[in-house]
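So, here's a batch of structures to check.
Heads up, the next two complexes both have chain A, just with different partners, chain B and then chain C.
Coming up: the complex of A and B.
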């Protein structure tokens, strides 16, 4: 790092970010055309996009014309809420990538994390200074334990993590939403009218709002950003992080140089799970204030897109999470024009599709230029783990 | 006896989507291409078939469902075979696109909750069976259901009794060896992935044209992932996957049947347990089996002819 000049590092960053920027740009364009074509009206598409952007970054034109500060702070709050959750699930996926595992299970880990936060948040009477950290801890531990399972199945029993995490997602959904939340953990009926979801968490467990009543902006974004910083420091500035990346790049070479491959794999996967669990905690402690009847939004699956669009780098993941947080916050405003609020998810999915093709295309061109043979297909070292089951 | 008949009836009613989806996954993965995009392919098929059936006879609509699934398959093939993208990433991306894209199109063209009702596929009464107790549960399903019940045998014959099947399996195990025999690994893989998309698309279409009479916004609500589980459970063979799909379908019928006929049962066995069962069973089977996996040897590895 020290040998290259700051300018070179900056242009290097720019070059590696180009595919992501192009992918997001292309999918924004395609989705724009999709609205224009289905509505048969160009101006509706323009209006919808304007609503999406201003709805995410704040209504600056309105504010300039004298609208109150809340025209800015409300959208910020929504964008930050969604961005924080996306950032944590994105980090979860990218931490697993670092050690060479594909964590499709962030959704399930997030679910058990959310439930633990909701239970601890409702069950204990503690001062806020203890209660909130305890809820976050519970969510992290639950998510981590739930991610330990696929790591064990992989290392101990030879079950590929892609299959096991897909299964564990559905196990979590079934057990949490169709048993615990409607059964043992369901909130007791208040008089005659029954309530859905778990008991509401106490005020001491809620994530404090940063701008008071002006916005839903809460401490969650700060937690997520700190997590991103922590993951970056861990991966690039500590021995453990270095060893983890070494395992991800080549387990055999790592083993040969004395790195405890199994232990690093377990640690990374548990960390990935606790990050996803924290995302669940943000959802419960920041906006829902209980585990609702269904958690709905598949933020765990979105994490895969966020991580890969951010090139699995903590900084890139942060940027892509914030971008899609903004788009999603604005997406709810498009509903007025008959565009479903899940529209930004379409942009995100298409961007991931382009990334998948783009990254592969570049690797292909590099391969063509080099004549030297690469390792045989069975052990081919690619940037993502090989996916045999 | 009535309960048993009802159980068999609803198992078969529920089966086609799962069976066709799992066959779509099998044919793709047997040639070495990971297919977790079944969910997205089924969603595309279900939507396209229902939307097309609004303006044309429903059987013709099925063709659109198959084409939609095949299109997703073609994109998956382009990314995984031609561009050698990561196959899991491509599959998840396609799932995300199909999920959000389906919602977007549904809201833009119809209403957020679903399409208007269409004419359901005709139901067949099998003349002799329909008077035999128990066995009459096999009668009275749409013709697509019977197609789905025979399809596994067809795919089994194709894979294990024909030269083409031998080639398909060869490129999933040892693509380099197959290539030396003059087999085009890339084109066969593309064909298999597209065919898998067509099958999964038809499976999705069965949801909106045969099981129900319209496309609902949540379709196929995880059935595609259950189809992948059935494929793994059935050890990547058409008949094994078929058996697993039927078993999962039976589990589902049992759950719904029990919940409606004996509501008290949910006090003893919560719904969630029964819902989680297929996935838990698949995990258990996977983790107790011998270390040697039944998965095709080249699964997930792009074929790189320049490395030979």
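Coming up: the complex of A and C.
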């Protein structure tokens, strides 16, 4: 029972994570070279990367030389804000993957979630202990319902979820950003002063900051981490999660063993939508405090990359979301050196490309090598009736 | 490695069989010969000349043709189109269908095949489709013809016909290589038999003077597992556990796959369903297990209507060993213990309320792996990494462990080696002794006849006949399988 030992399991985990680590490492290297070559200066690249890392994980050298605590807490806040949202959209995509669906619609689900949080956050006067959970709930429900639609279209009408979720993204953009936010839900003008976006949410709906006002590190990261823990528990420890994975990995076998395939599919997709909706809530309740005229970063789409780099596993998704949260937070600091702040997204994109390339390469290799291996020599020595190969 | 220093010599006009258990390397060796795989070591000589066969195309150019176990035909094209596919006679850049037909007719005439070049392949019987494959190879000038498990899908009559064709081809100077693990037929058709084991060619014997037992021992490399023990006939008083009354079900193309099927399986009885592939066997299993809705008729389990989802039916004590193992029975990327939990993932010892009972699952899996001698005995191994035989052992263990009342077993030993086959058969006999009602649906007539107390023959979705064990007769069943009209068989008192 060699592979049951903890050590083997650990090395097994390491082995399965290797491609992602290599993909991220290679992307970091390539982007480094790109900066060095375009700037024609090696030191600029070194400096840019230093700024990116310290800007994400905190300016430790500066702090050691006596800079105030905010030198650490401010970068943490930026990284946590971005990381938390990426974690939730990444989880959204990976939960859909678990049941065998490709959720391209996290962006749209995030939009309706964000809007719901903004509306509930501004409309009710409640104590914070009720108001904040209510906003989160509203965002989760809205995102979940919005993801129920493609699940229904898939199961009831045979529409491929990739098509329907992409289209529903546009529906969400049109509905939320092009109509509701500029139309019926637009904040009222203050005198002659017109305002963009929706009404600001009340203080009771804001996600409390954890390290004082200087850092934007707020409760959102904790919520995202708890969500990751919950997803992990559900997928690996409950029979419902097991059934969900069974549906994703072998739908026919799942059906034959009596698993309610449709119900599990609906549940997973609705959960995926809720997670994306929560990501929208984090954005509104944690940093924007309203639904802005446009939401800006396409975190919903980033979720696809985060999920794939994280091997669709809650732990991997957490690590990759935090990493890219850090890189993106630090990326803004590279601008000081004339390096565009979207470089971390380039790194993320390249890493995704490498992972996709590996999948294609493996499929190619499997097609090439179809010879079945012989059993290990230990078996050959046994005199029991031969077992198949 | 799939092959290790395997050697093979073929003479002109010879009928040679290559035997071995599944995974012994038979197909791999043939694939090397057919240019599908490249050997790491060793060489191939044709007529004394050393050659490198880098693709099937090159092999064909050297006169080596292969008929695969799973036919490589385009169902909605005609026989002629299938045969000339790849080097079609052209006219104005398009297929010259008339000339193609003429060419194919000529080839058929030369080798004594009766095939209509204009017929659609999908309308042909399996036996005829196989002939199309053989004609295809001959048409391309094959002198050495490799037939991979050619009788796996044929009725006894069709098999005999195939052997006749093979003998004719050998007489005409062709070399025919049979790959098989059915020893009796190998001994009856081949002159020389090459035995493979674990990637090596371990023995070569003349067919004359070799017994099936000797050959089997060479294949296994030791003593054979014990044969199925004699057994008591089923008591006529045994209650019917499973009953079907006039059950019909739809199939593809809007046609009825099952029409008015009535049958019973009693407690402690193995009932076999014989028939040529595609006569409603798969649909029958699906209707029973709840994977397909019946369009008419009624099903009963212990007198109560058998309805509901596959899960509901499992709950009532009906388990299923499906035909399509990879698609329906196992989930390859999951672990062995996860696969062991499938179907019972909601109940002890696999679950504890909503939670997976990790320890219970591990213990039960370890015990079953030991009982069924699954290799490797590692509950955490990836299911897809197990050999077909070991995968099937896991499936059988899982489906028999809950002591079911009814077991719907479809093709339980397809692709398994002798040792695994014997074990599966012993287990089914043991379930019968325990009092389970076993419905065994198999395309392997030998298997049905060896295990069943009673046999129904399915033809065209109808019950074409019913025989009890005392009346078993391969020829007669073979005729029923082909739908030959016959006076209704008199059913003797069971037993």
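Worth a mention:
Everything that follows uses one rule, which is that the second predicted complex is superposed on the first by the 356 of 389 C-alpha atoms of A that agree within 3 Å, B and C clash if a C-alpha of one lies under 4 Å from a C-alpha of the other, contacts with A are read in each partner's own complex, and residues count from 1 in each chain.
Rule of thumb we're sticking to: contacts are C-beta pairs under 8 Å (C-beta built on N, C-alpha and C of every residue); 3 or more make two chains touch, one makes a residue touch a chain.
Worth saying up front: this structure is predicted, and the values here are computed from it rather than measured.
In the superposed model, A:219 lies in contact with neither chain B nor chain C. Looking at the shared chain after the overlay, A:170 reaches chain B, while chain C stays out of its contact range. If you count the residues of chain A touched by chain B and by chain C, you find the higher number for B. Within the superposed three-chain model, A:238 lies in touch with chain C and out of touch with chain B [touch as defined at top]. Once the two complexes are laid over each other on the shared chain, residue contacts for A:257 go to chain C alone; chain B is not touched. When the two structures are aligned on the shared chain, A:178 is found in touch with chain B, with no touch to chain C.
Of the two partner chains placed by superposition, only chain C is touched by A:246; chain B is not. Residue overlap on chain A between the chain B contacts of one complex and the chain C contacts of the other covers 373-374, 380, 384, 386-389. Contact residues of chain B toward chain A in the complex are 34, 36, 75, 78-79, 83-90, 92-97, 99-101, 103-109, 112, 175-176, 222, 225-226, 228-229, 232, 270-273, 275-276, 279-280, 282-283, 286-288, 291, 293, 295, 297-304, 306-307.
Chain C makes touch with chain A in their complex at residues 1-4, 21-24, 28, 31, 37, 197-199, 220-222, 224-225, 289, 291, 309-315, 320, 322, 324, 327-334, 338, 341-343, 345-346, 350-351, 354-356, 373, 375-381, 387-390, 415-420, 422-423. If you check the complex, the residues on chain A that touch chain B are 34-35, 38-39, 102, 104, 153, 157-159, 162-164, 166-171, 173-180, 182-183, 298, 301-302, 304-305, 308, 338-340, 342-343, 345-346, 348-350, 352-353, 355-357, 359-361, 363-364, 367-368, 373-374, 376-378, 380, 382, 384, 386-389.
Considering their complex, residues 1-4, 9, 236-240, 242-243, 245-246, 249-250, 252-260, 370-375, 379-380, 383-389 of chain A touch chain C.
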